[in-house]
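Next come two complexes, and both contain chain A; in the first it sits with chain B, in the second with chain C.
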Partner chain A sequence: MNLSPRTRHRLYLFFLVAPTFVILFGVVIYPFFYNVILSLSNMSLRHIRDWQIIGFGQYVKVFTEPSQPDFYMVFGKTIIWTVVNVVCHVVIGVFLALVLNQKEIKGKWLFRAILVLPWAVPQLIVALTWRGMFNYEYGSINLMLTQWLGVEGVQWLRQPLEAFIAVIVTNVWLGFPFMMVIALGALQSIPHDLYEAADIDGARWYHKLWHITVPLIRPVMVPAITLGTIWTFNNLNIVWLVSNAGEPSDQTHLLVSFVYKAAFNFYRYGYGAALSMVIFAILLVFSLSFMRRSKATDNVYS
Partner chain B sequence: MVRSRTATTIRVAASYVVLIVFAVIALYPVWQIVNISLRPADRLLSTSLELIPDQASFRNYVDLFTERPFFTWLLNSTFVALVVTATGVALASMAGYAFSRYSFIGKKFGLLSLLVTQMFPATMLLLPMYIMLVQLHLINTYIGIVVMYSATALPFCIWQMKGYYDTIPPSLEEAGRIDGASQSQIFFRIILPLAAPALVITALFSFMASWTEYVVAAQILQDTELWTLPLGLKSFESNMGSEWGLYGAASVIVTIPVVVLFLSLSRWLVSGLTLGSVKG
Partner chain C sequence: MKYLRQGLVFMLVAVVAAAAAIPWTGCHRRDDGRIRITMWHQDRIDVRLILQRQLDRFMQLHPEVRVEQLFKETEELRSGFIIAALAGQGPEIVYGPSDQVGPFEIMQIITPLEGIFEKEWLAQYDPRGLTWYKDHLYQVADKLGNHLTLVYNKKLVPVPPTTDEELVKIGKRLTADLNGDGKPDRYGLTWNYTEPFFFIPFMTGFGGWIMDDQGNPTLNGRGTIDGLGFVKQLRDVHRIIPNEADYNVADILFKDGNAGMIINGDWSWAGYKNAGLDIGVAPLPKITSTGLWCEPMVSPKGFSMNVNIAPEKRQWVIELIRYLMSPENQLESTKELFTMPTHMAVQQGDFVQGNEILRNSALQIAHGRTMPVVPEVRAIWDAMRPGYQAVLAGRVSAEQAAAEMQAMALRRIKEMNE
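Up next is the complex of A and B:
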């Protein structure tokens, strides 16, 4: 076949992009609009075939239905969960990266390998193992409390507040290595002479930290933090598995686990779809305003 | 001078203390899994804090393969994870390249929609796709689960690949073109080898996303013979007490390949992730 170079180029481009667009359409765009329609419908287990569009009723329900637990409670908890987790991840991660990045430290690779472990272990296993460790009678957390500190054990998984703390501890543990790895990469790209110049000027360590390190790792950290925030907000695995689907009595839910339960345990498809849309809207607004404010991600939009 | 040397010594010593404390925190839960797996049946619920249990045995590992369908689950999970990884790498490497190098209608929209998918809560795609799979009678099949996994892993992978291709200078392709290489030769012989680190990360991500995924699998796979590892693991865990040891042994087996992959690839992980995020 003799094709003109122009046609060939077009065919080649089509070959590269077409599968992606088909897939994007099939697994992102189509489900998204299907979700929009679902959220406007009354579909549930009872109305799986004969469902119909009912308007914004499901959205009204999301905000006003006196549910157990209450939507605003769950929303507030999700905010606390996200903020506490992301702050701990970033602080611990950057701190460890700074410690590890000092030139005097020996055996860096070993420490690095060990400290990355929480990220490498599958989340499912992390969650179930920590659940075991929080067990009242046989979990090692309570055993340490009673045998080493002589304190009474805590009913971690049977009370709302304690269960919430348990879920957060688990997630902080598994999340700091990601930030550490990102921060390490960023630190290694800072030219060393900057610090030497600062030394000559007699700068103290906190001057160097604030005026050299922080501004230079910022462009790398900001996108990582945005992504980390979204992932934490949307992390279903940990809360679902550590609290065993919201125990005690649905008091430990975050928005994602709340909607998962509504959809798959109570078969309220329309309601679940509406709540999903609300969660998505919250995250979209957050990310857009966060990224717009930090110019570091300008090229994301280009 | 003497004073600053003591200051350095104190700083280094404090650094080691910090590192060791965090290393213990990072290691303890992992060791806990090994510890559980070695417990003999009559000591599953022990109140001792020993690092290696009394009368440690490999009984649980043997039981896993002889008394339980664990081997079937292992094969199922391997199959699913490999298919998802192959799909992810193939599609992300092509699409990322197109997004990085060419302009076409819908490019901006495509890129933005990839980013936006990261903000979808799990149920946003899971619920519509679940209903679609029910209507297409694909519940309880691997097609359903492979599509779901590829779908959730792809956007991030494409984004990652695009970011990496952006760092490869286009002059390399021009040089290839002048030498008379065709477009596919340029892609397979010049660009792909250079993008190896990003390909490795993409593969690792797709593999990890599917190897131990639980919440999607729990909705789609219902027959015990079709189960993947995470479903089996969860079933052992819910019988805490009687099958706690099996849970431990299964977890060790599931975790080892991932940790080995992760640690041996972690050199690329840093460059891949930071470049991906810097360049967007």
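Up next is the complex of A and C:
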């Protein structure tokens, strides 16, 4: 073969990238475009083999179909779920990381291990344990409320608002260790000289937090928050297991459990695909705007 | 040239690694030259162990065949089988309750069996164990029932109730505050309140049923309203059932002796026996005001064949189903699990006739309603769940719930059949 060095180099690069591309094509690109096609089709129980492209009908249904709960109600709950969870994850996670980053703390490894525990336990176990803890009569939460605080037990899993709070509490407990670990890693990479210089300048703790810590952990935290938001937005397990698939009365659904139910319980594959594309669009817009507004890719030292 | 060679080697390694991984994905059809048959089911561990013994014996008889059982959760099995079979893949045998036959038939992913198994062979089995749909046989069952009964702890309930009035009377006697904290520690009765499947006996006891002969939902009727009212009375007026109970809570209450009776299915009996409980099984009671029995749903559990079975495997799949349906294997399962066999000779044999649990199970099956296999049942379950839960939470009246169930069922069926 009489190939120029430049062509050889390009071929070499091609061969290196090709396996990755093949895998990406198989697990991301092809399923994504297949989903786009399905979202434009009438594929369902009665049209599973003879499905056809019908245009944007499924998208129209997503936004206009009267159901209980409807898209807007579920979307609203998903927003609340995501915001509350991510805010709690970040606040608790960063707070604990700041505490654990103090030199004075003894036995840090033990605290770290204990605090990472929620993350290490399988979600299924966590969800079912919390479900048991929220039981009206026998759950430990109500037992504590009634025996220690002397207040009436709460019908956690039987009333819509309480059930929604219950799933949020479970997910907050599950999610903060991730943010804590990320924040701790970021904190440990901050040069200590900066704090010493600030001390010499007479800076108070909140000055150091706001002008040194926050800017320097931002490049690490912003992608983590973005990921955390996407994961939380798309978290099916906790809602599905703690509230037993949207109970009570389908009042604790998130968009992702709504899609799952439409597609896999009612065989509405076209509708489910359209709804999942809507979710994708929402997350894409959020991620891009959040990354841009938070200037996550800017160099903090510049 | 060196770079190019390195690139080629890298790609070759990647391809070989991918090829080596394929057997772990379950895509290969043969294993050491043996015919490989896969069976998906959703049975719990004790059933799986018995099944494995039977499969091992089958493989000893036929060393040229390798059979693998694979457990999947109910929903995962159904959706996974649909996806695999539509792609021309999937297990050769899918095992489960008969209600999956409807959607599988519509999607044309299971094969009719009436031309495969001879009439004489089929005649050995209880007709209720043979699931016909649209004039074709799609499932042959080795177990009949999957039904709810009244399970009682003999230490607490020497004689089970036969009517709702007796049920309430016994329940009141059993419900007690044992530690003096002002709350009951032991209840007369419990069951899983979250699933409408457990509500069906109360609905039928008051003359209701989920659908008419044409498959239209019939939820907005007296059966639903009075059944819901009865359940609320048990909890709020007679106070013989816990305030809140899902499957696990009810199960633990009964196992710990904190509930004298539980409404649970045939799948639970062996577990209670193994937990050391002296249990009895009785038909669910009759509602005095209507004179009707509380009839649970009854469905067979059996084998269906994937439409994509490779020609060289087909005969072995048929042979395997025949083997698993044999009277010896059915009797083995019945002895350990107390499930009702479908083989008539086993049903009428000494063990079943001489066993109190199985005799009462048969009585309950006689007082049961066959679960429809049409896919619309799924929409009806989904429509019943919110209303049932809302009534128990005190958010809506029984009348309002029944009307909402009906409206939602109609909407769900329309959406599902669009």
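In the analysis below, the second predicted complex is superposed on the first by the 281 of 302 C-alpha atoms of A that agree within 3 Å, B and C clash if a C-alpha of one lies under 4 Å from a C-alpha of the other, contacts with A are read in each partner's own complex, and residues count from 1 in each chain.
Convention: a contact is a pair of C-beta atoms (placed from the backbone, for glycine too) under 8 Å apart; a residue touches a chain by one contact, two chains touch by 3 or more.
All of these numbers come straight from a predicted model, not from anything done at the bench.
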Touching partner for A:32 - first (chain B), second (chain C), both, neither: first
Touched partner set for A:105, first chain B, second chain C, both or neither: first
Touched partner set for A:97, first chain B, second chain C, both or neither: neither
First (chain B), second (chain C), both or neither touched by A:249: second
Touched partner set for A:132, first chain B, second chain C, both or neither: both
Contacts of A:155 with chain B and chain C, given as first, second, both or neither: second
More chain A residues in contact - chain B or chain C: B
Partner chain in contact with A:166 - chain B first, chain C second, else both or neither: neither
Chain B versus chain C as contact partner of A:267, first or second or both or neither: second
First (chain B), second (chain C), both or neither touched by A:74: neither
Doubly contacted residues of chain A, that is, touched by chain B and again by chain C: 8-9, 12-13, 15-16, 19, 128, 131-132, 135, 137-138, 264
Chain A residues within the chain B interface of the complex: 8-9, 12-13, 15-17, 19-21, 23-24, 26-32, 34-35, 38, 43, 92, 95-96, 99-100, 102, 104-105, 111-126, 128-133, 135, 137-138, 140, 143-144, 147, 173, 177, 181-182, 184-186, 188-189, 219-220, 223-224, 227, 230-231, 234, 236-237, 240-241, 255-256, 259-260, 263-264, 269, 272-273, 275-277, 279-280, 283-284, 287, 297, 299-300, 302
Partner chain A, residues of chain B touching it in the complex: 8, 11-12, 15-16, 18-19, 22-23, 25-30, 32-33, 36, 45-49, 91, 94-95, 97-98, 102, 104, 106, 110, 113-132, 147-148, 150-151, 154-155, 158, 183-184, 208, 211-215, 219, 230, 233-234, 237, 240, 244, 247, 251, 254-255, 258-259, 262-263, 266, 269-271, 273-274, 277-280
Residue ranges of chain A touching chain C (in the complex, touch as defined): 1, 3, 8-9, 11-16, 18-19, 42, 44-46, 48-49, 65, 67-68, 128, 131-132, 135-138, 155, 157-159, 244, 247-250, 264-268, 271
List of chain C residues in touch with chain A within their complex: 1, 3-4, 6-8, 10-11, 14-15, 18, 75, 79, 82, 86, 103, 106-108, 183, 194, 242-244, 246, 248-249, 375, 378-379, 382, 385-387, 389-390, 392-393, 395, 408, 411-412, 415-418
